[in-house]
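Next come two complexes built around subunit A: one with subunit B, the other with subunit C.
Right, the complex of A and B next:
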């Protein structure tokens, strides 16, 4: 164990407080009985949580966001498993170029991506459709999934696939029984990270939604530009709770440290 | 009858020749080692036998069946990898049973065979553990059990002991030999560790630069190396450059600078030779009886033996003496060395590594 000095502990504490303070404020505001953003709240009331149910727009948007997150995370993962195995497992011509291509969305400013997607989807006649949204989100979240899958693949002993082959397994069996289970922490971690990134994405999405496919972040954003009632805080609080619950479940099953630090599987 | 027949096996990677017309046959039940330094082509040879590399030329036959068109998964070989390559998400039982499962062996027979093999490697009590919960030596046994349970015609061992610490390695050498003999399985070991090859094998094939240099029993390879490389790679050896000349009355003599030595009987013709002399064949003796004398420049205590480096007219010679509790010469002391001419090995000049 590395023992931290007092200063290091203090730094960590201040840093954690800095990260969490906005969340505490949002959650605090959500419980206010008043009709405006107030912190600390003057009382405890579930009034603004009740208000969510009276605003089906928000619920619809949340459903769109959940579906969008699940669909795009799943598609991105399905792309990144073979890509990660190829890039992490072997040397071939164009390997670096392929990796750079997959990671390139990280380097393009999201506003630029948003404008580009808007043009592209209009040309394809997909503007405002759910399919168009999924397509754009897949492009944005692929780098996240690929990074985690790659971390798992590079930690993998290439001999284990050979061992399985020597014992009589064909290519598909090796993948299904040996390789995939061995990299599953990276795959699940990548999916979760991708889901959260998609669920949270605003900058690109705001360019390409229409009223029927509005996502939760876009809905919150447009709500804030019109009114400033604590409804946004209560919706955010529910979203925070949902994310925390998702993280807890994943941590229980696979261990978050392992997933996000990418320690591999051995 | 030969189980494995390698004939003129060759592998080129672009310009470099990794394995060069390598020919070897392994008899049923035999334990043969491919021994050589890293980069000598031994691992490439193993990969070709296993089916993970395609030969550039030559042939591999297993039990008379040509393997060139047989994919790796259908060769039915048991392979123990250097890293053990255990499946991390499976228990010991599941690891060992994987090959049987692939062969569609019924569950009850599978269970019986897993139990029998785990018993053979003394791991029955750890059947439900995961690899990460086990020590290096135990993982090694699992890897061995996984390869043996399919009753392979040939067991391939790729540097199986190199990841273990020295003491455990010695224990596992004996274990490996016992298991191999109990299972009666024909085995090909690839290693760079000469003591491992000598301790385990019936026969050693020494490789250098992709070629087979010598193929012999461990004793023969050590005691009668045919080549300077083999003599220096197997154990310690003194290599002396000398000239073989005719002496008086039909005898031959070795000339080494100003020093003349009695030569052993050999088929070598006159000319430059490399003389190899094992350090344990040299003795200390009285002033009058020595062949050469010199000064001790280094002395190392190894517990059961002493290792001396003695500076002589023949160059620096290594001398090994059993620790018999007597006082031994110290650094700086003058010593006289003698040996019997029959212990000298005359090898081709310039064949040292």
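Right, the complex of A and C next:
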């Protein structure tokens, strides 16, 4: 293995600083004792974390986001497992078209999806409802789950399932005892990636929420565009910590690079 | 046998149903909406014409917005390729421990909300922000550099948001290469820069090209970053659509702008793929 030279190490260091800088200032600002955004903070204070508790709006929005992420990730995973088994299980007429359709939400600009959902939901009289939000998010996150499910399905050895069938196992038993345990890392990885994607989603969601179903990113966004106080920084800090915790867990059980590259597909 | 043939379709049925109802129908409805007209008092009129498209394509104001959007996306893509490619290469050659740390640093932000990351850039770039304060304290400037509400500021923050996608794409391509080729070049006396240019870069090219496509299309439709850092002063297509829908309430015009964005992004993607295929076909002949 050839190692990096000094210049390469310096480049990586500057690059890491660039990637971390905006996160570091957000966390730093959150600890300011002052009433305005200042960095580095002139002192350490938990005042703005205390302020979160006095702003039930942010807590309500966070609860909506957690529920939305869990519900949409679960539904997306439930429909992507069979779809992934079908698409990854062998060639059939229309397979490529089906896969292209399920991955297409990645290609359509999110703002277009946002207004399309707004138009659709408002004509159905479902605009701003939690149920409507959930199904819109499912569409957005299906590509992420499907890619990971496909990656694990293509690694399956079909002879094991055939052996189980020849020994008298029915289709459901084969799925439950053979297939599912084999693809479970991909399924769990897909669920977490879908959850995080839903939890962070702004561009589509901003069009289809009402005040009662406002999510955390939407609440943060509208707060930032109206006023700037350190409250947005402390809320963001909590969100960063939550994401980092999830990320470390995923990195342990699945590997962050595998999760994001989705190797084995395309 | 017919049951066997129906099986993949039965398994895909729930997802297919969802996509028919929740994706295809809304997109068709939006396309239809873009042909309707808008009346300030009566709202959306069920007429059918190309009026909105004529309004957008005949107005220099919208040309400026589309031009700015694609320039920002192009600049973001070029910078991401220029800094992401070497970083992906260095990542591959790192000590495994530092590599896993660097992966967290480089890819982790991908999982943190774009709103949060853009807030960080707003704190850094503001007139009284971190960068201006630091430069003033060093005595390098007297007046603050204007970085908020500029295209340059948007590009900088977008590079931060998009560069992980470039690194992922290039890295995936580099992992498929045979490390022995590099060693061979080195043992034959090639300098590191020559190895990078003649051995690594050609093998990274498919990753750079597919990464560029992802970065460009995501940047052209980015919303949170230009909305927070550009506001009303530096408008891009997605923030214009947002204003038409939620402030002006002229939905048909907003839908026409969005459809033009969709079509131009898809056209650029198809053209790019053609170009890449042609180029690579030439390589393999």
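Operating definition for what follows: the second predicted complex is superposed on the first by the 235 of 266 C-alpha atoms of A that agree within 3 Å, B and C clash if a C-alpha of one lies under 4 Å from a C-alpha of the other, contacts with A are read in each partner's own complex, and residues count from 1 in each chain.
By definition in this document, a contact is a pair of C-beta atoms (placed from the backbone, for glycine too) under 8 Å apart; a residue touches a chain by one contact, two chains touch by 3 or more.
Given the structure is predicted, the values throughout are model-derived calculations rather than measurements.
Evaluate whether subunit B and subunit C can sit on subunit A together after superposition, giving fit or clash.
Here subunit B and subunit C can both sit on subunit A without a clash.
Tell me which partner touches more residues of subunit A in the superposed arrangement, subunit B or subunit C.
The partner making contact with more of subunit A's residues is C.
Please work out whether A:247 is in contact with subunit B alone, subunit C alone, both, or neither, and reply first, second, both or neither.
second
Does subunit B (first) or subunit C (second) touch A:220, or do both, or does neither?
So A:220 only meets subunit C here.
Tell me the contact category for A:165 with respect to subunit B and subunit C: first, second, both or neither.
Once the two structures are laid over each other on A, A:165 reaches subunit B alone.
So in the superposed three-chain picture, is A:181 touching just subunit B, just subunit C, both, or none of them (first/second/both/neither)?
A:181 contacts subunit B only, not subunit C.
Taking the superposition as given, does A:53 touch the first partner, subunit B, the second, subunit C, both, or neither?
neither
Look at A:97 in the shared chain and tell me whether it touches subunit B only, subunit C only, both, or neither; answer first, second, both or neither.
neither
A:6 contacts which: subunit B (first), subunit C (second), both, neither?
It touches nothing on subunit B or subunit C.
Just checking: does A:173 make contact with subunit B only, subunit C only, both, or neither of them? Give me first, second, both or neither.
A:173: touches subunit B, not subunit C.
Quick check on the superposed model: minimum Cα to Cα separation from subunit B to subunit C, whole Å please.
So the smallest C-alpha gap separating subunit B from subunit C comes to 9 Å.
Can you check the complex and tell me which residues of subunit C touch subunit A?
For this pair, the touching residues of subunit C are 5, 7-9, 11-12, 14-16, 18-19, 22-23, 25-27, 29-30, 33, 83, 86-87, 90-91, 93-95, 100, 102-124, 126, 130, 157, 160, 163-164, 168, 171-172, 179, 182-183, 186, 192, 217, 220-224, 227-228, 231, 237-238, 241-242, 245-246, 251, 254-255, 258-259, 261-262, 265-266, 269.
Over in the complex, which subunit A residues touch subunit C? Could you list them?
Listed in rising order, the residues are 1-5, 8-9, 11-12, 15-16, 18-26, 29, 37, 39, 78-80, 82-83, 85-87, 89-90, 92, 94-95, 98, 101-102, 104-105, 107-113, 115-120, 123, 135-136, 138-139, 142, 196, 199-200, 202-203, 206-207, 216-217, 220-221, 224-225, 228, 232-233, 236, 239-240, 243-244, 246-247, 251, 256-257, 260-261, 263.
Flag every residue of subunit A that touches subunit B in the complex, lowest number first.
Touch list, subunit A to subunit B: 157, 159-160, 162-170, 173, 177-178, 181-182, 184, 265-266.
Can you name the residues of subunit B that touch subunit A in the complex?
Counting only subunit B, the residues touching subunit A are 50-52, 72-79, 81-83, 85-89, 98-99, 102-103, 132, 146-147, 150.
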